[in-house]
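The two complexes that follow have chain A in common; it is paired with chain B in the first and with chain C in the second.
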Partner chain A sequence: MLNTLIDGLLRGNVYALGAVGISLVFGVMNVVNFAQFSFFGLGAMLAWFFVAQEGLPFWLALPLVLVICGALGLVINISVVRPLAKFLPLAAMLSTYAVSQILDNVSQISFGAQFRVFPQVLPTSNFHIGNMRFGTSDVVMLSITAVVMVVMSLFLKYGKIGKAIRATAQDQEAALQMGIPVGLVQHVSFVIASSLGGLAGVFIALYIGVANPTSGLDIGLTAFVAATLGGLGSLVGGVIGGFVLGILEAFGIYFFGDTSREIIVFVILIVVLIVRPGGLMGKVPLISTEPLTGTFLGKGRPLRMPRWVWPAAFVVGGVVIPLVASDYVLTTGTQVLIYAIIAAGFTVTAGQSGVLALGQAGPIAIGAYTSALVTMNLHFSFWAALPVAGLSAAIIASVLASPIWGVKGHYISIATLGLGVAIVAIIQLLEPQGIYNIPVPQWFGTVLSTPIAYYLIDFGVLVITLLVMWRIRRSHLGRVISAVGSDEVAALASGVRGRNYKALAFAISAFFAGVGGSLLAHQYTYIDPTMFTMLMSLLVVTIVIMGGVSLPYGAVVGSIILIGAMELLRFTPELRIIAYGLVLILVVRFRPGGILVRNS
Partner chain B sequence: MSDVLLEVTDLERHFEGLKAVDGISFTVAPGEVVSIIGPNGSGKTTTLNLVTGTLRAHGGSILLDGARIDRADSAHIAEHGIARTFQNGRVFATLSVADNIEVGMHSTLRAHRPFRRLSHLFLLRWIPLLGELFIAIIGTPASRRERAQIDEAVETEIRRFETRLGPRRDEPAYSLSYANRRRTEIARALALKPKLLVLDEPTAGMNQSETAEVLEQLLEIKAEGQAILLVEHKLDLVMTVSDRIIVMDGGRIISEGRPEEVRRDPAVIEAYLGRRRGLGGVDLA
Partner chain C sequence: MKSFIRRAAVASVAALAVVSLAGCAGNGAAAAGSADGTIYFGVSAAVTGQYAQYGEQFKEGFDLALDQVNAKGGINGHPVALKYEDSQSDPKQSVAVAQKFVGDSSISLVFGDYSSAASIPSSPIYTAGKLLQYGFNNSNPDFTAKGSEYQWSTSITTNDSYKWTADYIKDHGVNSVGVTYLNTADWGIPAYNAFKAEAAKIGLTITNAEAVLDTSDDYRPSLTKAVAGNPDAFVHIGYGPDAAKIVTQLRSIGYQGTFYGGQDEQSFDGTADAKGSIIGAGFIETSKDPAVQAFVKAFKKKYPKETSVTSFEAGAYDALNVAVAAAKLGGTTRAGILKGFTELKNVPSVVYGSITFDQSTRRVLSPALTPTILTGGKWVASN
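Here is the complex of A and B:
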């Protein structure tokens, strides 16, 4: 038990460092900084590189990592975050998400994707007190954190810039008017946060003994939960939250095993958001002055489409392409169509209800698994399994998401992100192996396994999807959902129960995600949990933002560009993620309404 | 006193020790226009937020048409028949003017909202939600008839502000001027066919001619028999439109009566012009 407690303290140590960085940036910029997450992975990899590859002593490598991470943080803040944070906090958050994907993959390309063994630089179990075992390494880590925290709090309390940071966190406008260089303050905060992230990364490598470039997001998400638990924006809260979460997690793993980790963290997040949405040390304002989740992305007017576009697109997509295209193009086309279905269904959540859900891979996975299991075990035909997959994705995702609809601001995006991760983790727990030999669709005994058959099935489903989405958009219901996304307080005053309609929008999106998952499963004939990654979720978000976040047909255009073009240009998977990230940043920066929407 | 629409009794709300609303009581009769005035920080907006359910009261009761609403949420209160506008003007930025007004009608709709009485109940609320989804995608003959009524009602509200909103009915609300947003907001509130219309500084940030125009429109709405609870700083407008005025200071009501009575009340003059002896005012009753 005591060893578990020490284990918890060491985990908590990492989370506390991360949480303080996240809180610091959130405090001065009002942005949830995903790029911070990548510094955990990056810090670990850099430390491994300097110590194991270059043979530098650990005490030289450590400051080097901090300096590199800090410098990189400065570059990111100047180039991406600050230009957007000034007027669109949510856009800035999305961009940091893209930056984190880019960083992870650049790191993966430079250092390789495999887990690297981190050399033991300090003894790890040379002390015993009773049953407890710990080492110099553990003592050093905890002491460094303690020193860092004391220095930080003295700096914030007495330092000139420290005071400026606190002033900026309270009221950015007022601070600016008092002559505080807010830009500098934000840069300093970002650099500190990035260095803390790097430090946490080094500690991860020290503590676990292995380093991996993509481990950052997972740990970052946990650190974010720690920051939320402590109270986002509160530094003391970040430290407390980090240690509390680390200890809870260590005991959770002790009792339920390591695979339950993500689920435990998600449950804690949900409980905090419901019971004490401001965290242990934070407060929530009674009346939100501004709708934080507002659909900034929905502003701007859609380009006017001439009427002939629709029948023309139908003929080209449904007749011309199947007649003339090669099997390779058709196979690519099925991918485009499936993602278009998922993304078109997602527009009602992201665009209309204003909930930028970041975990659509979850419902896609539910649909894929349901469809595979009911066709194989219950001998459903593909045609019956398809709607069943959609329904089960809608129902299961809605049940799991039901606590989060009262949550405000950025939290809701984070909660959906956690939801996506948790769903895939649950699936992994229940069905760790992949599923093989998923039956292909049949039509009265004819096996439909050719690329053209898949293409036509997907095309038909997409047409139905677009019709349904078009009907919803034009209905009273569609307007009500958009109203909720625009201003939830005003919607309530008009008798519109915002939570209900967010939940309904999410359920509709989950239905089409499930349908898309089913189509994927029956075309790959093989699925496993590693397919339903964060990348898949990011892709769905990028597609809708590219096309115009509330336009279902925009999703089709986004899908053609992001899936079709990338495939035909033969981008490697790593390069693709970087390309998605860049596209996301550029679109959000220069065309926030999407390419089919004129800027306002 | 049978002829009471809104009855507020001993209403209280404090923020961490500060008594923003400190045991106030007042009534609004059907068709009556009642204004609340007072210096900044006197508790006017808090009172409105309590009446409309945006804030929860810490004590006292609020009755609308005899039904208690002080424990109900905003949506419930809207369904009971109170519509409001906000101090800073909250329109649905991405929706057109017409769609903004249509959303205001939400709580009056029947055919578009099957099983609507379940919509606040745990789990059961999915029955009306899925019902609304069905109406949206497929529709019923009744919902198509109601659609025609919605369009008709939206036109009626737009006609109220014809010269201003008429040409902009399909423009998204974020593209409107500040004054037009306020008009859209009032039209949206009226679309609810409220028993009581609650307006929070409808002329804030407007110039004189725009204020005069709002005054005209408020008088028209009043002539239709609409009961209004109004918070407003511009005393000329308040004196003209109100049947009765409530003066607040330090969370209490310091004077109440017809415009000409309130205008001469020394307590009001003192509250507005100074010579105050401490927060909350001395007891001048």
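Here is the complex of A and C:
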């Protein structure tokens, strides 16, 4: 027991450092900063580079890493985050995701992709309590964290800028009116957060012993959960959340095994959020707004499409492309179409009801597995399995999501993100082996497994999806969902139960995600849990935001750009991801509401 | 004016859509046959992303073999070249890559992909395109077993290697082991099942087996549990980077038994606590075999920065030589290469000595493993 407790403290230490950085930026900018994840990996690699490659002493390398990470943070904030955060936190969040992609890949090009062994700079096992050994290294890490936290809290309490940070976090506009230089405060917070991320990265390298440029992702995600658990924006909460999560996770793994780790983390999160919707230390304001609320109506209007666009698009997509395109284009097209279906369905949740759910990989996986299992075991035809996959995704995802609808704002994003990860983790527990030889679609005995057949099937499903979405948007139900998204308080005052309509919107989105999953499964003929990653969820969100968050047809454009661009950028393989990130940032910079949304 | 802008915006979006697709069409159609007589093989691998490390290593092995083949006159006087496509080992991209290769008539064989999750979804496309998919790194037996006559591999299967591991451990007087294995569908679980079945057969006790994730960083709670029964030795079924973390943490919780696990991979080889680990290996950098020595020497000459040569580079090096041998035997067309694979015998190999395919499994016939022990950062043959 004692071993597990010490272990929990050590891992909690790293989470706490990461969580404080995330909470700090969130507090003063209201932006969820995905780039923070990259600073973990970057900090670890920089430390490796200075110590192992350049032979610098560790005590010199450590401040160097902090300075470099801090400076990078400043550049990112000035060039990307702040210009966007001023008028659309959502766009800023998307751009931090692009920044993190760029950072990871630059780090990979500079340091190589290999896992590197971090030199032992301090003894790691010279003490022991019971069987558990730990070293000076661990004690030093814990003490550094303690010192950093004390200095931080003194700075926030008594320092001039520290006070300004707190004021900005409380009410940005009021702070601005009182003459607080909010811009400077945000820069300082970003620099501190980035340095803390770098420090956490160095600790990861010290504690784990090996690191590569992407090794921050997993710990970053957990730190993110820790920040949410503690209450976004609350620094004390971040520290408490980090340690609580570290310790509970350690005991959870001890009892249920490492394979349940992700489930444990998110079950803890969801339970805490149900009991305390603002996190352990966070306060829930009496009237809170969803992060997406009003972004669309207030900040831009969709471009008006002339009527000829629809038949023209139908003819181009359904006739011209199948006639002229090569098989390679058609296969790329199938991926574009499937993601367009998933994303178009998702616009009800993200756009209309204003809930930025981040876990669509969950329902996609449910759809894929249902479809594979019913065609293989119950001998359903593909055509019957397709709607069944959608229904089961809608039902299962809704049941699992039912406890979280009382949670609001960014918390619901994190909770759904957790839900997505947990669904895939549960599937992995139940059906750890991959499923092979999933039957391909047939039409009265004709096997439809050519690229053009897949393309046409996907195209047909997309057209139906768009028609359904169009009908829903124009129906009474659609308008009620939009009302909840636009102003939940007003909707509640008019007797609309927002929570139920959010759940319904989520179910509709899950249905189309399940349909998309089914299409993927029957095209790949093989599925396993490693396919349904968090990156898949983020891709769906990115597509939706790219096209215009509540425009189903925008999702098609977003999908063409985001999946098509990955293929178009093949001429520069090493720089592909970096170019992709830059394209994303530029689009968000100049069309923050989405490609098809006019700025206002 | 407003309406003009609007129209322009709509038109540009539509144009973008068309151009992006047309651009892809251009890529696909441009490469119809190779006019200069160069013989092209495709490589579907991760150049970026989580698995980029392996993509880099494969490229080094391929490029070295390519230099040597072309210096000796290529295939019947025709130079050989590779076309790389980055799949990030992501099925969404590997299927597009597969279709791209199938549509490129100059490609007569494709290497890859790295992971089963990316390789297997692309297999039906290669089969339909009658293009040989040479998954030289796919240790998952199902890649070939559930594939068609177009899926071939020279990787030893997880079943073979972990059956061997169980036998070897038992032969060396170990009666009980604690186990951790990666909970991955395509690799860790089938490997553990093979190990467990063999262990039950020969009377090797598994005191406790813990499934772990390779994305975890801290395994101490799992390890504490895995060694609670005081096993004689410890087995980890996984890759290099996770084994590096596991062996370090295993020592830090005070367990001192022999560690059977790890991989000939830079981060594991460089981990201090990994010293004394034992695995069965095909390729051994320190082997006295002259062919291996010549390969290692040539490799270090071409890549002076690399401190060691691992089975990944060796596997890719072998794979290119096998493909070239098949093309020499059967011809450089897609059908010719497939024919070549069915007829190949005793192709020199730095991993197996020589490679002959078992035509029923499309894998290497009776692959031999040599026990190796990690000493001073290098794997050397043990007994």
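In the analysis below, the second predicted complex is superposed on the first by the 541 of 600 C-alpha atoms of A that agree within 3 Å, B and C clash if a C-alpha of one lies under 4 Å from a C-alpha of the other, contacts with A are read in each partner's own complex, and residues count from 1 in each chain.
By definition in this document, contacts are C-beta pairs under 8 Å (C-beta built on N, C-alpha and C of every residue); 3 or more make two chains touch, one makes a residue touch a chain.
From a predicted model like this one, the values you see are computed outputs, not experimental measurements.
By the touch criterion defined above, A:R82 reaches neither chain B nor chain C. Using the contact criterion defined above for the overlaid structures, shared-chain residue A:L504 touches chain B, although it does not reach chain C.
Applying the stated contact rule after C-alpha superposition, one finds that A:S482 touches chain B and leaves chain C untouched.
When the shared chain is aligned, no partner comes close enough to touch A:H410: not chain B, not chain C. Annotation for chain A, partner touching more residues between chain B and chain C: C.
In the superposition on chain A, A:H522 contacts neither chain B nor chain C. The part of chain C that touches chain A in the complex is made up of residues 6-7, 9-10, 13-14, 16-18, 20-21, 23-25, 27-29, 47-50, 52-53, 55-56, 84-86, 91-93, 95-96, 98-100, 102-103, 115-117, 120-121, 123-125, 128, 142, 146, 183-186, 189-190, 210-213, 215-222, 224-225, 240-241, 244-245, 248, 251-254, 265-267, 270-272. On chain A, the positions that touch chain B within their shared complex are 286-287, 294-295, 298-299, 301, 468, 471-472, 475-480, 482-483, 485-487, 489-497, 500-501, 503-504, 508, 550, 600. Taken together, the chain A residues at the contact with chain C in this complex read 3-4, 7, 10-11, 105, 108, 112-117, 120, 124-125, 128, 131-134, 204, 207-210, 212, 214-215, 217-219, 250-251, 253-254, 257-259, 261-262, 303-306, 309, 312-313, 316, 321, 324-335, 428, 432-434, 436-437, 440, 449-451, 523-526, 528-531, 557, 560-561, 563-568, 570, 573-574, 576-577, 595-596.
Note for the complex: chain B touches chain A at residues 15, 49, 52, 54-55, 73-75, 78-79, 83-84, 86, 90-95, 99-100, 102-104, 106-107, 109, 112, 119-120, 125, 129, 132-133, 135-137, 147, 150, 172, 174-175, 185, 188-189, 192.
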